[in-house]
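Next come two complexes, and both contain chain A; in the first it sits with chain B, in the second with chain C.
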Partner chain A sequence: MNEEISFWILSAIAVLGALVAVRKRNLIHGVFALLVFFAGLSGLFLLLLAEFIAAVQVLVYIGAVGVLLLFAIMLTERVAGDDDRRMISRGWSWGLLAAAAVFVVLLLRPIQQLPSQDAAQPIKPSVEALGHKLINPYVVTLEVLALLLTAALIGAVTAAQGLRMPKEEDSPE
Partner chain B sequence: MSFELLIDILIATVPLMLIFATVFAFTTWLERKALARIQNRIGPNKVGIPCTRIGLFGLGQPTADGIKMIFKENIVPTGADRLFHLLAPILALIPSMLVLCFLPLDFPWLNENSVKAFLLDGAVIFFFAITGLNTLAVFMAGWASRNKYSLLGGMRAVAQMISYEIPLVLSAVIVVMMVGSLDAAEIAGEQKGGNWFVFYPWGFAAFVIFFIAALAETNRSPFDLPEAESEIIAGYFTEYSGFKFALFFLAEYIAMFAISGLAVTLFLGGGDGPGLAVLPWLSVIWFLAKIFALIAVMIWLRGTLPRLRVDQLMGFAWKFMLPLSILNIFVAGFAWHAKQLDSQFIMVITWVISLAVLYGAASGLNQLNRGKVRPREYKYAE
Partner chain C sequence: MGAFTRRNAIVVLFSVEIMLNAANLNFIAFWRYSDNPELLHGPMFTLFAIAVAAAEVAVGLALVIAVYRHFKTVDLESINTLRE
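Now for the complex of A and B:
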């Protein structure tokens, strides 16, 4: 019963956050609405007893991705767009079709197969189990991902340094 | 929801809020007194019991401040984003309050069967995830005020907090590695009987890094650039007054308690201390006393050290703290493997090698960074 009430509240928060994030013209409002959506999602993970995923959801999506989006927005020019213009483009019917296709292909079968059962039994030390999984069977994947991220980091540093070079000539006078 | 469950939840959570809110009031008084003493002043000494001349060393000052804050006019700038201006102080307070649940405080009225505030497998990870939300609140406040000084303060705060979060988490990783658990209660339990992690070379280095990063995370002096009054008025809360300002103040102090509490859990043995075998409830007292000791050091540093410059702040985080904390992880791994051998001689060798490596790395990084910080160049002034 309690879980059901929590589920509906959290789902409402998540759906509302996502809707506001899509509909708002003001970018900062949009980002914060998106963060509300992430927070609702992390609450849903908690409800599913996946506490580590909930923590990572908060840490990575709200903490890191949110701040990254805010930084990117601060570099753009017109943050606050006018709310009067409607946010519907001409190709909206195609978008709706694509969304419906994704829903049918990806989600319809799992939802039909979903048994109406209680929440899963708690796995005792879930974080520990996850750690063992990451180190034992998936260690190569983990290392490859780490290598990819390092390469991306070096690339970002190189790109940032390349931008600065031609600015040396003009003095700040 | 059954009535008993509700009562249990209230018993688990309400004392946390009451204790820390009361301690907050006392800490503001303590801080003003201590700073005054350092600066050769008297500090608050007038407000005591109303309608009498009994001063009580100014202990009534927090109450008077609170009453003043509540009745002060709430001013919102014309161009401000009214909704976000209202939400920012609330968003600043909620994460600071929430993370108090993860501290392993064994209240005597809680037994094995009662509802714990929040007993999680990954308490440490949750702690860092939720304290990270403070950054967003600060940015929100700076942006919503529609004031260039607020925005500058907000941007400074975001840059500073995400830079110092890395050494903070990396030094906590060392303890998690040594214990093999993310559970705060288990980490505190591992240090029972004076086996505090701060007494090991790697633990001491991690504790120092953690404490410095925690100062920066909570915007305390000497890292209080987001609210540097000589440069950007009051930074992100320039445009706040009345109760919203008080909420920011409260959030900052609760965050200080929370991060000190995590430092106590990770490095200073949690509720460990003498006399626990006779009186088990002493553990809460020890825990709070250790938090207070750390807070006292923070106040002392605020009275003693000048504020850093922005380039110094970033350089310190990325060029000194980050390499040192990564190296410390290797040292801790080495120490862990040496401990498995279970030999007195190897332990001594490990201690000597760890101390030498950490000291050498710290002084080497210091040498490498020396001379890199140039004197300030004035672009728009002479």
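Now for the complex of A and C:
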């Protein structure tokens, strides 16, 4: 019962945070709403007994991604820019229609056929097993991931720095 | 929804993040209610997905900044060089 109440509260926080993050015109406020969304999601992970994932969510998303977004928005003078004109572009009704169609086609049947689950079985804390798995079967994935992160970091710095070649200046747009 | 309707590139980036997080939540939820949760497939996949998403945010923001420097705007509807 307690779990159910916390589930609803956390879900409400997450959904409201996501909605505000997407709808706010002020980007800074949007980032903070996004952080609220991440925090709500982290609570949901805790509720599902994935404590390591919850911790990673807080560290990576609230810590790194949030700060990265804030810095990028605040340091780049007018990226937050004038969104005062039309907030949404044309064709949102088509988007809504497509989303509804995808929902009906993909999800309605499986949801109807879902067996009504009782309470999930209790599980042990999974951090230790996660660490073992990360070393034994998934070590190649881990290394590839490290490589990807390094490449992404270097690529991000390079892309954000911009190419400072003299020929680049007078190339036709 | 925001990924397709907003015109600010950064808000589109937010929306992609929200979608990735929703997928992660699905992974964890289905893992928790699966038959043998001790196999830890869900958290493992989520862990890798989070790492890839972090890389994606960094690269995405860098691209937004580069596009802003080039076009002086992040309005996605006015960046249509390929169409013209």
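Here, the second predicted complex is superposed on the first by the 115 of 173 C-alpha atoms of A that agree within 3 Å, B and C clash if a C-alpha of one lies under 4 Å from a C-alpha of the other, contacts with A are read in each partner's own complex, and residues count from 1 in each chain.
The criterion applied here is as follows: contacts are C-beta pairs under 8 Å (C-beta built on N, C-alpha and C of every residue); 3 or more make two chains touch, one makes a residue touch a chain.
Keep in mind that what you see is a predicted model, and the values were worked out from it rather than measured.
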First, second, both or neither for A:Leu149, with chain B first and chain C second: second
Contacts of A:Phe52 with chain B and chain C, given as first, second, both or neither: both
Partner chain(s) touched by A:Leu27 [first = chain B, second = chain C, both, neither]: second
Which of chain B and chain C A:Phe38 touches, first, second, both or neither: second
Which partner reaches more residues of chain A (counting touched residues only), chain B or chain C: C
Touched partner set for A:Pro110, first chain B, second chain C, both or neither: neither
Partner chain(s) touched by A:Asn2 [first = chain B, second = chain C, both, neither]: first
Shared chain A contacts, counted only where both chain B and chain C touch the same residue: 52, 56, 126
Chain C to chain A touching residues, read off their complex: 1-2, 4-8, 10-11, 13-15, 17-18, 21, 24-25, 28-29, 31-33, 37-38, 40, 42-44, 46-48, 50-59, 61-66, 68-69, 73-75, 77, 81
Interfacial residue positions of chain A with respect to chain B in the complex: 1-2, 28-29, 32, 35, 51-52, 55-56, 58-59, 62-63, 66-67, 70-71, 74, 125-128, 172
Of chain B, residues touching chain A in the complex: 1, 81, 84, 120-122, 125-126, 128-130, 132-133, 135-136, 139-140, 143, 155, 158, 162, 181-182, 379
Chain A residues touching chain C - in the complex, by the definition given at the top: 18, 21-23, 27, 30-31, 34, 37-38, 41, 44-45, 48-50, 52-53, 56-57, 60-61, 64-65, 68-69, 72-73, 76, 79, 81, 83, 86-89, 92, 95-96, 99, 117, 120-121, 123-124, 126, 129-130, 133-134, 138, 141, 145, 148-149, 152-153, 155-160, 162, 173
